[in-house]
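There are two complexes below, and they share subunit A, which is joined by subunit B in the first and by subunit C in the second.
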Partner chain A sequence: MIRVLGSIAGLTAAIAILYSLQQTMPGYADITRPIAVHGAIGDRLMARNFELTATKVTLAQRIVLRTGTRERVFETTGLWAVVEAQAAARHESVTVTAASWLGPSGSRYAMSQRFPTMPGLLPSERLEPGLPRKVLMLFELPESQAKDATILVSRTPFTPIDNELHIKTNVPTPLFVRNVARITRGTTPGDWRLEIQ
Partner chain B sequence: MAALLPSTPKERRAFRWSALALLAALPIAVVASSYEDVIEWRSSQELNAIVAAPSKSAVYAGAEWRLERVHRLNEPGAAALVVIVEFEATVKDPAVFAATCNVALTDASKRRWKPQFLAPSIGRRVRPEAVERPRCGSASLKPVKTGDKIKMAESFMTPPDIGDIDLIVSLSTARPAYLVLD
Partner chain C sequence: MSGRFSIGTLGKRAVAFIIAGLGAVLAVLISFASALYEASQPKDLLQVAAGQPVDTGRWTVVVRRADFGKSVKGAPASQQDRLAVELDLTNRSAATSPGYTRILELESPPAGLQRPTFYLARDSAIAAGLHPDMPERVIAVWTWPPGAPPPQKLRFKVASQIYKKRDNLYGAPGWFPGPTAATLDLMVGGPDPAAGAK
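Take a look at the complex of A and B:
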């Protein structure tokens, strides 16, 4: 009788354990989700293979790319968010290809693809260990998504079990939107200068 | 319910043997299912170093490799140092030599700089004969025959205060072994 009761207790315990394991099992997306590194504008944040300090966020109505004496204007029906940063590789040369602007509503805006020849853009600059360089991230977004946003930066758009920087922005209220952000190409490859008007 | 438990001596013996067999079968199953992945992972890693002492050559991946010259070029006003490394390989086994070639520069702190796709402008101005050499990736893809001496160069952007540097070469046919040219 005791043996039978023991068997029933064992079986019940096994069912309970298996059921709780089934209920708490994380999905594949949870297991492989990026590992967040939180910080704010001005913080030097370390990911596994690169480091980045977002130094300034500027909102503008248009972006002007100046090459020599030629200017090209990029208009938007929303806003441009121009993010300046300093980035370097940590142990090995690396290219950081993914950055997005996570708005307060949870909408995510990937870096604008409208600037194929813009100098200094984060995904087009190879980062080297010990050589911090100035980089740019440009986002096109609706006005409502400008405040209380977080900039997400990772080495690739899909970063399973790798770091993703979560940089809290400090856009003031009311929004201070500049007229023009003019980016002037420098004399050496990847070199640029930003003027705000 | 009681029928689930072994009751006779014969059943108990069978139960013990099954439990022992399971202990052996589990590790065998893990090894058998992951063996190919482990071999593939190993062939993509740089694990065993073959070191060539300064001004000495070393045999690696079907060729004899030698570091020729290292140029450190500093553009006035630039934050980075341009390092151009000239090296050569004398082919001994063309089949092993014809493979994907990875190159990197390392220093004492084990940081690694990958080569530049295009030679920096100071390299083209000051050392044109070096930057005109083929890069390792393109040299090892061209048809070669035994005895060919292939002169290559790679350029790197490093911090100006970089100390002693080594050139690391690894070919897919020879990994996990890799070559360190001191």
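Take a look at the complex of A and C:
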């Protein structure tokens, strides 16, 4: 009788241990998750192959791209977040293609892909070591996601076991939403200017 | 040989094997029978009309109207006949995604029909990733094969997508094609259900 009880107890314990191992096993996404580098607006953050300093976050109702005398207006149902930054490569030329706005609810808003010809955007600039340049990141997001957000920047959208910058934003309450963020294309290629109205 | 079968004459090992074998056979039978039963009882597919929202898992879709011709509202002009379907998409997942391109499928497409191109209704630009919780009106445009009869009544299958915490290959989380969520009947050139509402 005691031997039977003992074997039942052993079996139950084995099932419990195996179940808990199965439930707590880290998934593929956890094993290969990016390595976070934390910081805030104004901090110079170092990733493995690039460095970036986010300098300013501006919220705006619409974005205007001005080329010569022609203006193209980009409207949204939510808000635009315009993030200005200084970025450079560290050891060799690099293009940083992925940035998202991680809202307080945990939703990730990837950089807007509505501007194929906009100058100065982070993914379209080739960064060189030792030559920091001004870049822009444009996000489209609902008003509720504007506060307490983190900007995530990494070299590619999927960066297994590589660095990802986590930049805490400082959007004040109540939200200060500007009317227009106007990006004017300069006369030389790649030259641009940002005005907030 | 005693001539009479008795469990007692078998070894303990053999008894264990027989019990395990019977269990396996039972498991196979039950799973086979339940698969057969489920296949024999197809669930009624949800039938929706224009203007009714459909929850497809990853997206909420409201199909609004269909247009046919060389110039369709919301898309750049073209020399070829095109079918344009206007729909409102809301991303219900937690990340920006362009994974809506297979959401509508014609039930009986003409031969040679390619996949549609999606345009944003607000500025006729090609639609890319749509953001979570931001409803967006898009226009799906199919280039109609030359020679195919122009459509009048359309029947679409609305595809669903399912979230897997661990996929079968890597154990990585992701969204995968699911079963058809609904069928949708649409008249070409029908009235705008929300006309005047906005």
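Just so it is clear, the second predicted complex is superposed on the first by the 172 of 197 C-alpha atoms of A that agree within 3 Å, B and C clash if a C-alpha of one lies under 4 Å from a C-alpha of the other, contacts with A are read in each partner's own complex, and residues count from 1 in each chain.
FYI, a residue touches a chain if its C-beta (ideal position, glycine included) is under 8 Å from a C-beta of that chain, and two chains touch if they have at least 3 such contacts.
Computed from a predicted structure; not experimentally measured.
Contacts of A:F74 after superposition: subunit C is touched, whereas subunit B is not reached. By the touch criterion stated above, A:R44 is placed in contact with neither subunit B nor subunit C. Counted by residues of subunit A touched, the larger count belongs to C, out of subunit B and subunit C. Judged by the touch definition given at the top, the superposed model places A:K56 against neither subunit B nor subunit C. In the superposed model, A:Y28 lies in contact with subunit C only, and not with subunit B. Legend: residue contacts after superposition of the two complexes on their common chain; A:E140 is shown touching subunit C, with no touch to subunit B. Of the two partner chains, subunit C is the only one that A:R114 touches; subunit B does not reach it. Once chain A of one complex is fitted onto chain A of the other, the partner contacts of A:G106 are limited to subunit C, with no touch recorded for subunit B. In the superposition on chain A, A:R193 makes contact with neither subunit B nor subunit C. No residue of subunit A touches both subunit B in one complex and subunit C in the other.
Every residue of subunit C that touches subunit A in the complex is listed here, in rising order: 94-96, 120, 122-123, 125, 128-129, 131-136, 165-166, 170-173. Considering their complex, residues 27-29, 74-78, 100, 106-110, 113-114, 140-142, 145 of subunit A touch subunit C. If you check the complex, the residues on subunit B that touch subunit A are 1-2, 4-5, 78-80, 104, 110-114, 116, 121, 157-159, 162.
Residues of subunit A touching subunit B in their complex: 3-4, 7-8, 11, 91-93, 126, 128-131, 133, 188.
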